[in-house]
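Each of the next two complexes has chain A plus one more chain, namely chain B in the first and chain C in the second.
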Partner chain A sequence: MSMKHNCPEYSARLHTASDLFSKVKNEIRNGTLAKKNLVWLELTGCSGNIISLLDGANPDFKYLISQMTEFVYDNSLMVAEGEAAMDKLMSIIGNDYILAVEGAVATKNNGLYNIIGRWKGEPVTALKAIKMLGEKASHVVALGACATHGGVSAAKPNPAECVSVQSVLNRKVIKLPGCPCHPDWFLGTLAHILLYGEPELDSRDRPLLFYSTLIHDRCPRRSFFDKGIFAKKLGESTCMFKLGCRGPVTRIDCSTRKWNQYVNWPIEDDTPCIGCAQFGFPDQMEPFITYNTTRGVKE
Partner chain B sequence: MNNSTYQTIRTKVAESQNYINLIYVAPCIYTRNMLLNQLKAKMNEIDFLSGLAFGKMNQMQQNQRDLTLAELAKFNGKDGNPAYVAVNGTVYDVTNNAAWAAASHFGLMAGKDLTSEFASCHGGQSILSKLKVVGKLV
Partner chain C sequence: MTKRIVINPVTRISGFMEIDATIDNNMVVDVKTEGLLFRGFEKMLMGRNPFDAVYFTQRICGICSTAHSVASTLALEAAMGIVPTEQGRYLRDILHGCEFLQNHIRHFYQYTIPDFVMLPDKYPLYATDHNDFRLPKDKNDKISTHYFESLDISRGAHEMLAVLGGKAPHNHGVFVGGISTQATTDKIIKIKSILHTIQQFIIEKMIPDAYTIAQYYSDYYKIGGGHGNLLSFGCFNGYNELGTLYVNPLVYSQGKVNVFNPDEITEEIDYSWYQGKKDEYKPMDIVTEEDMDKSQAYSWVKAPRYCGVPYEVGPIARQWLSGGYKNGISTMDRTIARVLEAKKITEIMNVLLENLIPGLSIQKEYVIPDSSQGAGLIDTTRGALGHWLKINDQKLSFYQIITPSAWNLSSRGNDNLKGTAEQALLGTTIENLDNPVELGRIIRSFDPCVSCATHVYSKSGECINSIQVQP
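Coming up: the complex of A and B.
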């Protein structure tokens, strides 16, 4: 795309999260929008999504926890620890709250493979916590591959018998797949919930705001695909389809939104898309890289 | 071309034009993308029907061959072999299909009979008509 003629749609897309956020900010300042409680539950995962969230710019994390929501609980970031932290978590039951969940649910031995804390002397498994808090939340937002469909935690051989959050909850779960989830996808969804309620979702409960187009549809290297010009090794600036790029099956907006506060993204850095935002990642997206794929076929 | 195929094609063209009109007034990019996907599907249907009508399918069938499961296994899309998959007894070429990067698709490998896998994920979709037919599975 020429930089001289900025496409209005391109710029509109980049601002989906910030537009929603500035509306939230205005309404909170005017007192027309009340802060909601936000509980961030980490189950069986790698904390990747909360770390990714710290990189958020619309809003930044500080605004999220101080102005936009009442940030009640997150095991990685909160000051309280041990039973005091668990008290805080349990105190939310009976109040109105939005539940964000990262990590899959370990189900083996009735969930004993993942204990997230102890409360009143008893171990609290991830399975118990999600069932208890998930059913009563006003909205449940599952972020990341593990929470949305099992992801890396449920990859073969899946020793802890991990499953998605949806598998153990009998209610609507908004799903933001990605490994990790982009801060905009979560913050935009959260802002939408605060302003208008649940955003419009596709048939697999992903917000259409972010998950409506394939990476392949908006890939800057798409013309190379259409002309059949394929990279033979990493580092070439052509289409990485024959190396195993999963852009054509991955429905998300990385190609326009980019990462690290809109700086770059895998394909522009000569790495094929590994389909981390698609259901079935990682097992179903393998092999991530292949060099002996057939290129031309002699008729 | 028989009359009913001609009428069906005309209907599909009219439907496509309707989608185009809707795209002009689409309120947002998401609606527009949805309409574009539907338009794409319509164009594939038209392509398939016109292929039928002009006897392309008959011509193609002359170049087709019968493959056993063992023979099909060689066409795994690696090391110069094309990537073939079989669905409901028909063998298709997916070598350059976008959803089959590195001759694999959601953990499935080329060179296999994927009838049940296809039915469980794409049952009722008319996506097979986009693929080149290379033969029959025997």
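Coming up: the complex of A and C.
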């Protein structure tokens, strides 16, 4: 299939993740692809991205752990606990692995605002864990708003002094902003890494496959915007620009992909996009909902 | 000779916590539960647009985000003097019900089951660190199959949520007045159809699986009790026409059920890493500041109290107070109460769905008052959740959140009385000190959400071996 995704078509978009997966599946079946280790680190955040991952369908979580990767570590789902869990995490260093990270990195008090475990008696902070595991991974994928740019964990006045994964790692970090990250954005990116290596990224390290186009440009309510017909309250079927919609500044494919087995998305739910997949969320995207205002468009 | 057992991370919970137990003669003689994540949402919310609290506070927790949208919406409605329509309430409660199901199914299969059932060990995620597995192979393997089947079912619960809520986690639908959108007939029947599948799974698999485990681990009916005080803010209750479908705001203590009085809630901070003008205060009084240099403090989970006493919240409290399951209060009873509640929620959702008027538009153009205050108290998946807010100059000027896991994983009160989960761990006999599997099982029965108990910190720089003999 084409590697160029600068202006993908609607139907191609809908099937990108599943297309990539069937390809991965075939490669594994043919023995041309070995399963790589996957480590999933939950750091300073709400652990909503691992929950979102469980919402993935075709591929789903079972396919991920049985057909795509050796899923080695995740705090929320693994059976082992305590020292045994940390041994598992640390033993991956020196092997080949992909690192998925959700959550920001709390740096206040040398990172002690977020401890993810104890190893050999010492507390392992989020800061220490990402430094230990981040530099040595074959690929680092930061998913969700907090990991990619600080997100809500770093919202003003940022009490835990949270920063992005990139700001503590001196290496390439693939970024999948979104609150949470859509399971397809992660699983599609992962499939690309497994099949072809790093996907084509924009200047801010987001895969073009998912992040190339503004929501506004493919919004089903765009015609209302063009005609100047604006909703005055939630629940209306017209353009919600004047209610605070951030679709005009948010690059992501929600408008064509949709969420949760593709049944709905915020604008179809008669609410404005709050820009959760754009850098700067939440502080630069607020107020999320306002009545009767007129704002200028800027990116 | 006393030993110290430290478990960190406690996996298969939401967020990060440590259990720090002192053991004498194989018995837990002292214990602390500590959360290990601090973000400070109450401070972040200062000065923000009040409406934004509905979406912002959901980011406290990825597994129970809808709960926070409901509590913040209730607090806003109270502050704005808005009474939602009955249809608005039904719709919002349907979304809330979807989250109960997502949570309970994932907590039972993904978080609880692996404590008792061996999952396929060809997957590295399922490697075990103990050998207390008692089920015969056929029963074990059947439940293991259900572990994977349940993934589709819990995903379906989030799909239902998205049908009216836009997406999940972190929905857009729950809002002042009810929900944002209209429930058209096609959406109602989609939800009913998914709900039917979920209900069948709960009845045919989830509840029998819980009783199978209970049969082989019946000793867990005898451990992990706690203080025995139960509290609920009420949920799916007080409808104008439908009455109470589940539970009213009630408390239970020393054999007596009483009506819940919100004025009796306080927080105490002598043993948590906080300072304030007072060390005991009501939710609307003060927001505390972090203080990591307090000598006797050991956790950033504060100590919520009702009439000065620790209370347990969650499915077992609701089942008990609503006259449902009343077998006892223990590790296994919590799990049984949770799976039975899942079935109850499907029944309630069906009633609400059948009472919907399709296509009704319920949103209005709202105006934020210059100054006001309000509280949103509601029982959510893990128990009683409270949001208290003040508005000044049309901005948020105060925000207080007390989560269910703060009640259950509370630090000691100012009177040195242990929190509920600490009390539940106390006195437990540890069969094998190298594999203290009992501690994790007891803690998980509370379904801890440490992401929610955001006021948390660990002792700076202290070094503890995972198991060490104290001098």
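The rule is simple: the second predicted complex is superposed on the first by the 285 of 299 C-alpha atoms of A that agree within 3 Å, B and C clash if a C-alpha of one lies under 4 Å from a C-alpha of the other, contacts with A are read in each partner's own complex, and residues count from 1 in each chain.
By definition in this document, a contact is a pair of C-beta atoms (placed from the backbone, for glycine too) under 8 Å apart; a residue touches a chain by one contact, two chains touch by 3 or more.
The structure presented is a predicted model; accordingly, all values stated were derived computationally and were not measured.
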Subject >> chain C versus chain B on the shared chain A, clash or fit after superposition >> reply: fit
Original post:
Does chain B (first) or chain C (second) touch A:S212, or do both, or does neither?
Top reply: first
Original post:
Of the two partner chains, chain B (first) and chain C (second), which one does A:K242 touch, if any: first, second, both, or neither?
Top reply: first
**OP:** For A:G228, select first, second, both or neither according to whether it touches chain B, chain C, the two together, or no partner.
**Re:** first
**OP:** Between chain B and chain C, pick out the one touching the greater number of residues of chain A.
**Re:** C
**OP:** Using the superposition on chain A described above, determine whether A:P220 touches chain B (first), chain C (second), both, or neither.
**Re:** neither
Original post:
Who does A:P287 touch here: chain B (first), chain C (second), both, or neither?
Top reply: both
Original post:
Just how close are chain B and chain C at their nearest CA atoms in the overlay, in Å?
Top reply: 11
Original post:
Can you list the residues of chain A that touch chain B in one structure and chain C in the other?
Top reply: 286-287, 290, 292
Subject >> Sites on chain B touched by chain A in the complex >> reply: 29-30, 33-34, 77-83, 95-96, 98-99, 101-107
**OP:** Would you pull the chain A residues touching chain B in the complex into a rising list?
**Re:** 9, 12-13, 200, 208-209, 212-213, 216-217, 225, 228, 241-246, 248-249, 272, 280, 283-287, 290, 292-294, 297
**OP:** Within their complex, state which residues of chain C touch chain A.
**Re:** 6-16, 18, 36-40, 43-44, 48-49, 51-52, 55-56, 59-63, 65, 106, 110-111, 114, 119, 123-129, 148, 151-152, 154-155, 158-159, 161-170, 172-173, 175, 180-182, 190, 290, 292, 361-367, 440, 451, 457-458, 460-466, 468
**OP:** Could you please specify the touching residues of chain A with respect to chain C in the complex?
**Re:** 42, 44-52, 54-57, 60-62, 65-66, 70-86, 88, 106, 109, 112-118, 120-123, 151-153, 155-160, 162, 179-180, 232-236, 259-261, 263-266, 268-271, 274, 276, 282, 286-292
